[in-house]
Structure formats: C-alpha cells, structure tokens
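Heads up, the next two complexes both have chain A, just with different partners, chain B and then chain C.
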Partner chain A sequence: MPTKHSLTVPGQYREIRQLCQFVMDGAKEAGLDETALFHVELACDEACTNIIEHGYQGEGKGTITVSWEIVPDAFVITIHDNGRAFDPDEVPPPPEFDDTNTAANIKNLKTGGLGLHFIRSLMDSVHYQFSPNGNTLTLIKKRPSAKGSNTS
Partner chain B sequence: MNIQQEQHSEQQWLIRVAGRLDHELTPQLNTILNEHIEAGHYHLIVDLSQTTYINSGGLRCLVSAWRKVRENQGNLILCGLNSRLMNTFSMVGFDKVFQIITDCNQLPDNS
Partner chain C sequence: MSESLLNISVESLKRVDLITVSGRIDSSNVTELEDALNNSLQNGRFNLVLDMADVNYISSAGLRAIVAALRDCSKRGGGVRIARPSDRVQEVLSLAGLDSLFPIYEDTVSAVGSF
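So, the complex of A and B:
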C-alpha cells in the first residue's frame, strides 16, 4: 500500500507556497523531472488559489488539506476543502488570442479561468468530487517509468 | 528590493522584477505599475530576467497594466523571460498579447 502524506493549513495565500513545496518534495521522491516538478507546483498553486478565491471566497474561512501519494504509474495529489462546491468542468477555457492590436480585443481580453486552464494543461488527469464532507480535487501526473516503453 | 524601477528613456520606464511573481510579490508589482499609469507613464518595460516563477495572478497583473497603457496609446513590453516563464505565457496565449523581447540589453528606445 502506498503511503499517503498530508498537510493541512489555514486557507490563506501566504500558506500556498508551503503547501506546494510539500507536494513538490513528494513529486521529487516520485522521480518527476524538473519540468514536471514545475507543472506540479503551478497546478498546486492555482488549485489552492481557486479554493481561497472561489471556494471560501476569501482568506481565513477554512482549511486546505493537501495529500500526495506515489503509486506505481503516477504521482497523485488530492486537495480537500470545505468551501463552496465548485466544478472545474463548468468553467470554459480562456479564449484564444490572435490579433491583439484591435481596441475591441484589448477590452475583451478575458483573464478569468486561467488557473483552471493551467491545471488542465499541466496535469495528466483532473477529477473533482463533492460530498457533504467537502470538495476533493484529484490531480494526477504520470511518473516517468509509466510514460516509457520499458515498464514491466 | 525585489522590484526596482528606473527611467529608461524620455518616455519609457523600466521595472525589474526579481524572484517569484506569486501571491507575495504580485501585489507589489501591481501597486508600482498602477502608480506609473496614474502618473501618465504609458510606456513601460517589465524586465523579467530575474523572475523565476509566475502564476495566473502574476499574468493577470501584467495584462491589466498592459490593457490600461494600450487604452492610452502606450505599450507594456516584457523582456528576459526564461523558458519556463515563456512556456507559462504561451500556454494561455499571452505570448501573442505582449511584445516580448528576449534580451533586456536590446530594448527599443521607444515603445
């Protein structure tokens, strides 16, 4: 059975760096390379930011628990909170930007949903679950051995 | 100081950001950019050569300032992005929004 490591902190922006460092330490142990570590860090940062901003709608309204475990083919992160239910699948991706020199484009440039876009782009799999006990976001990053051809 | 600023040319101001553009540093950068814009400085260059990380909040801060200067016929140019930052910008298409100069030593005199 893989060991699950967890850390709970107050839902405050200044705690996010510590939370993500905790996850990155696990990702290093899982053998993820520098690029994958950066992906894990940014996804963790964006997920925790969304919880404070949208789930709790402000700082100091509840806790965030981040857990990680190493399974044979992946590094699995779960992020739990007790904020408002929030389904990432309902947030559309940000629009494409082509010709940004027009006045209309300057005004219409949307910057909402960027965090979720990062999470989706950077992780191999993203699951969301809501229960009476709170929200759980599961982020999965494949381990290098799982991507190679010589797995046994 | 994580953020330094200097007048680069008659019209242009250069803002250097060192460190991680996350929840701690972004509010400082936001304040500084807004102070410049309120002072009528619409030609800004943000030197990111010493910036090691940026999240969506950091991007939003830069886009917000870019939008304000563009509305005043100015520009906000970025320079010195490392490959990780460049990758972050391109993931959301912001490499097409900003004028990005690779080498901060080769800045134009007017933006």
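So, the complex of A and C:
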C-alpha cells in the first residue's frame, strides 16, 4: 500500500508556496524530472489559488489540505477544501487569440480561467469530486516509467 | 514562508521604463509587481520593457498583472515588451496562448529601442 502524505494550511496566499514545496518533495521522490516538477508546482499553485479566490472567496476563510502518494505508474495529488462547490468542467477554456488583429485582441483580452487551463494542460489527468465534506481535486502526473500507459 | 522572493527595480529611460524583475511571481507577491507597473502608469510612462531573464517562476497571477499593464498601456498608445524571458516565462506565456501578444526581445537594448 502506498503511503499517503498530507499537509493542512490556512487558506492564505502566503501558505501556497509551502504546499507546493511539500508536493514537489514528493514529486522528486516519485522520480519526476525538472520539467515535470515545474508542471506539478504550477498546477498545485493554480489549484490552491483558485480555492482561495473562488472557493473561499478570500483569504482566511478555511483550510486547504494537500496530500500526495506515489503509486506504481503515477504521482497522485489530492487537494481538499470546504469552500463553495466548484466544477472545473463548467469553466470554459480561455479564448484563443487571433494574432492577425493584435489591437482588438488586447482590448478584448480576458484572462479568467487561465489557472484551470494550466492545470488541465500540465497534468495527465484531473478529477473533481464534491461531497458534504467538501471539494476534492485529484491531479495525476504519470511517472517517467509509466509514460505511454493509461492512468485515467 | 513570508519572504517575497521577488525583486523589482525600475529605471526610467528617456521614452521607456525598464522594469527588471527577478525571482518568483505568484499570488502571494503579485501585488508588488502590480504596484511597480501601476506606479509607472501613474507617472505617465506607457512604454514598458520587462526584463524577465531572472524570473524562475511565474503563475497565472503574474501573467494577469502583465496583461492588465499591456491593456492600460495600449489604450494610451504605448505597450509592454518582454526582454530576455527565462525558459519558465516563455513556457507559461506559450501555455496561456499569450506569446503572440507580447513582442519578445533577446536583449534589453533592442526592446527599449523598439519604442
């Protein structure tokens, strides 16, 4: 049975770096390379930032618990909070920009949803679950030896 | 974990504010970058060059600050150019699909000279 490691912090932006470092330590242990480590860090950062910004709608409104475990083919991160229920599948991806019309692009530039777009792009699999106990986001990154096999 | 890990310096040149950013930009310290950018705008400086050679981490929070500055500068006939982006900055810009909106320069001299 893989060991699950967990860390709980107050939902404040300054705590996110600690959560990311905690996850990165696990990702290193799982054998992820430098690029994958950056992807895991960024995905974790974006997920926790979204929880504070959208789930709790501000700092200091609840806690965030991040857990990780190493399974044979993947590094698995779960992020739990008690904020508003939030389904990432309902958030559309950011618009694609037409670089043939830069002036109009800049004027109409919207950057909402970027964090989720990053999470979806950087992780091999993303699952969301809501229950009376709160929200749980599961992020999966394949381990190097498992590349090419299916995790989700 | 309260230290910022972000350093920002601003040099006002003849037509351009050269803003050198180094370290990590995330949701915990992005207000420092926003303050620096807004300070230039409040001083009527709408041609901005961001030297991002030593930015080793940037999240979407940092990108939003730069995009907001681009929008404000563009409204006033200026712009935001990025000089010497680190690999991490380039990757995040590309991931966001924003790389086409920011002219990228290999050195600060050509970025400043582009205005």
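Note that the second predicted complex is superposed on the first by the 143 of 152 C-alpha atoms of A that agree within 3 Å, B and C clash if a C-alpha of one lies under 4 Å from a C-alpha of the other, contacts with A are read in each partner's own complex, and residues count from 1 in each chain.
Throughout what follows, a residue touches a chain if its C-beta (ideal position, glycine included) is under 8 Å from a C-beta of that chain, and two chains touch if they have at least 3 such contacts.
Because the structure is a prediction, the values reported are computed rather than measured.
Aligning the two structures on chain A places chain B and chain C in clashing positions.
Legend: residue contacts after superposition of the two complexes on their common chain; A:46 is shown touching both chain B and chain C.
In the overlay built on the shared chain, the residue A:118 is in contact with chain B and with chain C. Contacts of A:18 after superposition on the shared chain: chain C is touched, whereas chain B is not.
In the superposition on chain A, A:81 makes contact with neither chain B nor chain C. Once chain A of one complex is fitted onto chain A of the other, the partner contacts of A:38 extend to both chain B and chain C.
Across the superposed pair, chain B and chain C both touch chain A at residues 13-14, 16-17, 38, 41-42, 45-46, 49, 94, 96-97, 106-107, 109, 111, 114-115, 117-118, 121-122. Listing the residues of chain A that touch chain C in their complex gives 13-18, 38, 41-42, 45-46, 49, 52-53, 94, 96-97, 99, 102-103, 105-107, 109, 111, 114-115, 117-118, 121-122. The part of chain A that touches chain B in the complex is made up of residues 13-14, 16-17, 38, 41-42, 45-46, 49, 94, 96-98, 100, 106-107, 109, 111, 114-115, 117-118, 121-122.
Those residues of chain C whose C-beta lies close enough to touch chain A in the complex are 1-2, 24, 26-28, 57, 59-61, 63-64, 67, 70-71, 74-75, 88, 91-92, 95-98, 100-101.
Residues 20, 22-24, 53, 55-57, 59-60, 63-64, 67, 70-71, 84, 88, 91-94, 96-97 of chain B are the ones that touch chain A when the two sit in their complex.
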